[in-house]
């Protein structure tokens, strides 16, 4: 059984300089209260690994505006002009990764695979500096696994074992990131007693989750 | 009819019953408006949910049900939630029957550039590299020119999205099929002559004896 | 919408010599009626890819007893002494694959990855004849992707779009195999009207499923 | 107390609150009988479901809820269904806190052979190679000798399961810890002397000044 933390207590656990996997797609399925708490505590020098940088005022956009981030690994930052400016000015380092490759790199990190063999990016800028492997007569890029100090997830429902369910397009990167954070913190919209969630409805088993965030007041 | 509507209606004509189709943000997403419900087509956005439907009535939006641009959508009967790993598993694995994407440049090899203008616009490739690499059929829906310059060029000058030859280009002037021999002009828009198309196109076009007029859905 | 086939009609679609991914773990989560129909039609020379060979009289064991199988790819055949004898006698070829590697090879085939980079099997008989790759200073085996002509799945519930739900330990290889069969046939315990299964409960989206088997009489 | 019960009770003593533990078929599965429910330990079998419980009362079995040997089990409150890809993702990814496996041979390098006796018994490795390679802690629970021959040998003669040094060996005579220096004798069974253990062991043992008596759960 896991107790539930207030967002501020969780933000205290995350030191400056930490690497964070953050769930969400254009801020849908992003743990907003955890992000607000990180901004409130004045976090600095974070590495954020996420599908995208959302937009100013939402999700990861709030971390960018607060200058809490020094490095972003994402597939898309097109709706965050602030981050684009900071990137061009050299103030935030950005690594762009094809979306399908990004989620597989995180999965590989989480499930103990040595990397991803993908055709995506072959013959493009993405292949620069990367190893290639031939399998069955076809060539694939070797993309390295990703893990991080923390995974910060949004979920629809949790129980106090830490089992998580997600809703509709708010799944996105969350179930995969749950495997790849050394410490996993989930912010569920609701928390129910143990035994209430049917085993077949669980998308992330509680054994992967270290801390839950209390429900919103 | 404006250029975008014409393009969307022509692309809609490519869609066959029961297909799984991914529509990019912007112009491509307009295609869904012209696909009859009785075709039983499933629309997918890369952020999750197979079976996206129209924007719900005001007040009935769900913050966890959006398209890849973050806009509110609904779910049709028989819809299925998927996470990003499954979403790109379907895309990379060839399970996606068709993707419709925007383009910045298409060249005589049928290769697409649509994710970066070095030094000017670096939004990131998002899902585009996986979509172009993995979808069974790739259709580029774009206006023929940008700021007076043809987007159909001898050789892409912008960074490529994939080495894969795309299957069809639909603009407000023409339908062009990239083939091993080069770009074949297949259809002209109503009221547009072959000479008009040649004049608007920087790339060489192969012009067969028979050029049909575009059919619009 | 998909109609539902009788098992005999499905077995007619599967030619002698076909390769089959068959779900199940010691026959739990195995499509028994499909297997019975294959035995009844006298199928021959099948390649069966599955976690295990079950036991005589159940699941894949019935195909072995009927001599319908010429090749087995599995992680474990220890509870099927009949197959062990046929293997030692050279009548059925058996490739043994570590269980975690087997499921990832099938996943890789299904999601368009070039193979699996795994530490499992390094330094053992399993590594014989296989390529190795070094990533981040560690060595991994390159295990090749697996696809097959057919995937034969057992499911708990389906709708007529082909969406599938599984129950408890009857999930096992079924959701992964759904991605890797060129034709996917699912045998659900029940089939409900479209719209009845909540999108978040779907484990295999219907777009992957080609045919359903009618419910048991 | 028979040898198997003694071994199972000693292994049970290794289990800490809240662990995720995988128990192999046979002797290892007996360990669960000696772990108090209040420890909040989650048992997993590689076929799926985290949170396996005891065999249900007769007539209340579920054909879709079994252990890796196909025996009926129940699910504890907070249980979660997982498919084989997730099951081995947890195992290979280091999320499994402990696995308890049987053994055919353990050698002075601490390496295990437990899946094949060439020409005699080729059941397949099942999940063993992934478990030994990936689990945070690997415990081998086995009888000290088979048919009078020590199973703890200078160098494995049977095919290895993994290059990884296992963490602890528990037999009915002793608890032995493989280390970089060799096999260290840590505990003797009640009424068994160090000389008895040496006499029964083909491998060299490092014998510290203090050898504790086994603690049984």
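A, B, C and D label the chains in the order they appear, each numbered from 1.
Assume contacts are C-beta pairs under 8 Å (C-beta built on N, C-alpha and C of every residue); 3 or more make two chains touch, one makes a residue touch a chain.
Nothing here was measured: the structure is a model prediction, and the numbers come from that model.
**Student:** Count the smallest number of chain-to-chain hops linking subunit B with subunit D, moving only between touching chains.
**Tutor:** The fewest steps needed to get from subunit B to subunit D is 2.
**Student:** Averaged over CA atoms, how far is the centre of subunit A from the centre of subunit C? Could you give it in whole Å?
**Tutor:** 32
**Student:** Averaging over Cα atoms per chain, report the distance between subunit C and subunit D in Å.
**Tutor:** 29
**Student:** I'd like to verify one number: the distance from the centre of subunit A to the centre of subunit D, where each centre is the average of its C-alpha atoms, in whole angstrom.
**Tutor:** Subunit A and subunit D have C-alpha centres separated by 35 Å.
**Student:** Give the residues of subunit C touching no fewer than two other chains, as numbers and ranges.
**Tutor:** Residues 104, 107, 112-113, 118-119, 156, 166-168, 199-200 of subunit C each touch two or more of the other chains.
**Student:** Which residues belonging to subunit B are in contact with no fewer than two other chains?
**Tutor:** 49, 75, 81-82, 88, 91-92, 134
**Student:** Spell out all pairs of chains that touch, sorted by label.
**Tutor:** A-B, A-C, A-D, B-C, C-D
**Student:** Per the contact definition, I'd like the list of subunit C residues that touch subunit B in the complex.
**Tutor:** 1, 107, 110-113, 159-161, 163, 179, 194-195, 199-200, 202, 205-208
**Student:** In the complex formed with subunit A, which residues of subunit B make contact?
**Tutor:** Contact set of subunit B toward subunit A: 45-49, 62-70, 75, 81-85, 87-88, 91-92, 116, 122-130, 133-134, 159-163.
**Student:** Which bits of subunit A are touching subunit C when the two form their complex?
**Tutor:** Residues 104, 108, 112-119, 131, 133, 135-136, 138, 140, 142, 144-145, 156, 165-168, 199-201.
**Student:** Which residues of subunit A touch subunit B in their complex?
**Tutor:** Within the complex, subunit A contacts subunit B at residues 25-29, 51-52, 55, 74-79, 84, 87-88, 96, 98-101, 103-104, 107, 118-126, 156, 166-176, 203.
**Student:** Give every residue of subunit D touching subunit A within the complex, in rising order.
**Tutor:** Residues 20, 40, 42, 49-51, 75, 77-82, 86, 88-95, 134.
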